[in-house]
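In what comes next, chain A is part of two complexes: it sits with chain B in the first one and with chain C in the second one.
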Partner chain A sequence: MTVGKLSGTEFFAPVVITEPNREIDGVYIGDLLSWVMGRASSGNAWITIMSNVNILAVASLADTACIILAENVALEQDVIETAKQKNINIISSPVGMYETAVMLSTLL
Partner chain B sequence: MSEVLNFHFDVDHEDFTSAGQASVQVKKNLRQLGLPPEIIRRVSIAMYEGEINMVIHAGGGTADVNVTEDYIEIILKDHGPGIKDIDQAMQEGFSTATDTIRSLGFGAGMGLPNMKRYTDYMTVQSVVGEGTDITMRVNIN
Partner chain C sequence: MKELSLNILDIAENSLKAGALLTEISIIEDDKTLVLTIADDGCGMTQQVLKTAADPFYTTRTTRKVGMGISLLKLEAEMTGGSFNIESRHISDYPQDHGTKVTAKFYKNHIDCIPLGDAVASITTLIQGHPDSDFVFFHKTGDKEVHLDTRELRTVLEGVPLNTYEVIKWIEEYLKDQYK
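Up next is the complex of A and B:
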């Protein structure tokens, strides 16, 4: 499934979508940034509750398909602007990381 | 591509919240050179970890990236406090980062292990009180 399609489902909400055609080929969950960079695969949807600007660098360098912010975690406006500049897809989920992953397993 | 291409960066210690800019720039430069995506991913992750380490622990430093025909080399130099026990620092999970750093999602003790994991060659030279020099290489073929 593509990021654009996922963000258009009823469950999820788009926050920043700059590359809607990016294909999601797996999921990684984690909040420790180095851990995520070491373990997430290119093309993964990355579920996290971290919201500081460093998540953008991690998503960019690890080449994840999108960040999924669980628990309706909100981003500061400057983080949103930076994500747009750096072409980082970000989707919001209203529920926790586990429930988000369960939902993804039914959709992907 | 017979000559060596060099990219030099000063890693600013005051720029903590947006640290990683040099790595993101390197990623862009390597993309423009048309290198394979997985090579670019490995180089930029290893460099980001090094960059973050210099910002967190050493008050900044310098990063040089050399692109040769056979490999990409990353040389990181800082004048920070140095690493007392390199073997211990190389262990996954070992970290001396503060709680503030950890609250930002860093300090998992994965920085140096990730640098080793993603590169084909890595040396760490460190003198307590003087600083740390790290050289990493990722083979292109």
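Up next is the complex of A and C:
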């Protein structure tokens, strides 16, 4: 499934979508950025509750398909602007990381 | 990072890449706070580069477009309610007195404060990997002080490289003994 399609489902909400055609081929969950940086795979949807600007750099480095912010975690406006500049897809999820992953497993 | 000692390794490697001859690592703890300082006499950064140092999308590496070490340390300190500071004097402006100093203050009782981890392993790893550079390590906790200065070791070693197996082992034991 593509990021654009996922963000358009009833469950999820788009935050920043710059590359809607990016294909999601797996999921990684984690909040310790240095850990995620080395372990998330290219094309993963990365579920986290972290919201600082560093998540954009981690997503860029790991080449994830998108960041999924669990539990309706909100981003500061400057983080959103940087995400647009750096072409980082971000989707919001209203529920916790586990429930988000379960939902993804039915959709992907 | 999972442990502060891994941050120490990461930041000190920046110092060595900047050509530091002496890198001073100090950890000062009291009941509530831990202050980590890494100061070097490397080439330093221009004001322009310094401004971008904590930007996670900046790096001196050319292989990737983001460098995270400084950004992560800053985040980790600020997550505990602490603070982060970096100052630098570039060699072009300060030909005699150049270098970079990174300071991070952590509130230890904050729930998001990461553990220090194995500082001895980090220090010995640094010395082993960079036997021609000098390091000062200082860790103060309450009334206990741990101290190492490789310049002092060199005068005793009379030319034996610091990364000789026996020397590294001795340094490791010397540090561990001081923690007892």
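Here, the second predicted complex is superposed on the first by the 108 of 108 C-alpha atoms of A that agree within 3 Å, B and C clash if a C-alpha of one lies under 4 Å from a C-alpha of the other, contacts with A are read in each partner's own complex, and residues count from 1 in each chain.
Just so we're on the same page, contacts are C-beta pairs under 8 Å (C-beta built on N, C-alpha and C of every residue); 3 or more make two chains touch, one makes a residue touch a chain.
Everything numeric here is computed off the predicted structure, so don't read it as measured data.
Novice: Taking chain A as the common reference, can chain B and chain C both be placed on it without clashing, or not? Answer clash or fit.
Specialist: Because the two structures are overlaid on the shared chain, the partners are seen to clash.
Novice: Between chain B and chain C, pick out the one touching the greater number of residues of chain A.
Specialist: B
Novice: In the superposed arrangement, does A:Asn52 touch chain B (first), chain C (second), both or neither?
Specialist: A:Asn52 contacts both chain B and chain C.
Novice: Quick check on the superposed pair: does A:Trp35 touch chain B, chain C, both, or neither? Answer first, second, both or neither.
Specialist: both
Novice: By the touch definition at the top of the document, which applies to A:Met1: first (chain B), second (chain C), both, or neither?
Specialist: The answer is neither, since A:Met1 touches no partner chain.
Novice: Looking at chain A, which of its residues have contacts with both chain B and chain C?
Specialist: On chain A, the overlap between the chain B and chain C contacts is residues 32-35, 37, 52-54, 57-58, 60-61, 82, 86.
Novice: Using the touch rule from the top, collect the residues of chain C that touch chain A in their complex.
Specialist: 1-2, 6, 56-57, 64-66, 68, 71-72, 75
Novice: Which bits of chain B are touching chain A when the two form their complex?
Specialist: The contact residues of chain B facing chain A are 17-21, 23-24, 27, 37-38, 41, 44-45, 48-49, 52, 104-106, 108-111, 113-114, 117.
Novice: Which residues of chain A touch chain C once you look at their complex with the stated criterion?
Specialist: Against chain C, chain A makes touches at 32-35, 37, 52-54, 56-58, 60-61, 82, 86.
Novice: Considering the complex alone, what residue numbers of chain A touch chain B?
Specialist: Where chain A meets chain B, its residues are 31-35, 37-38, 42, 50, 52-55, 57-58, 60-63, 82, 86.
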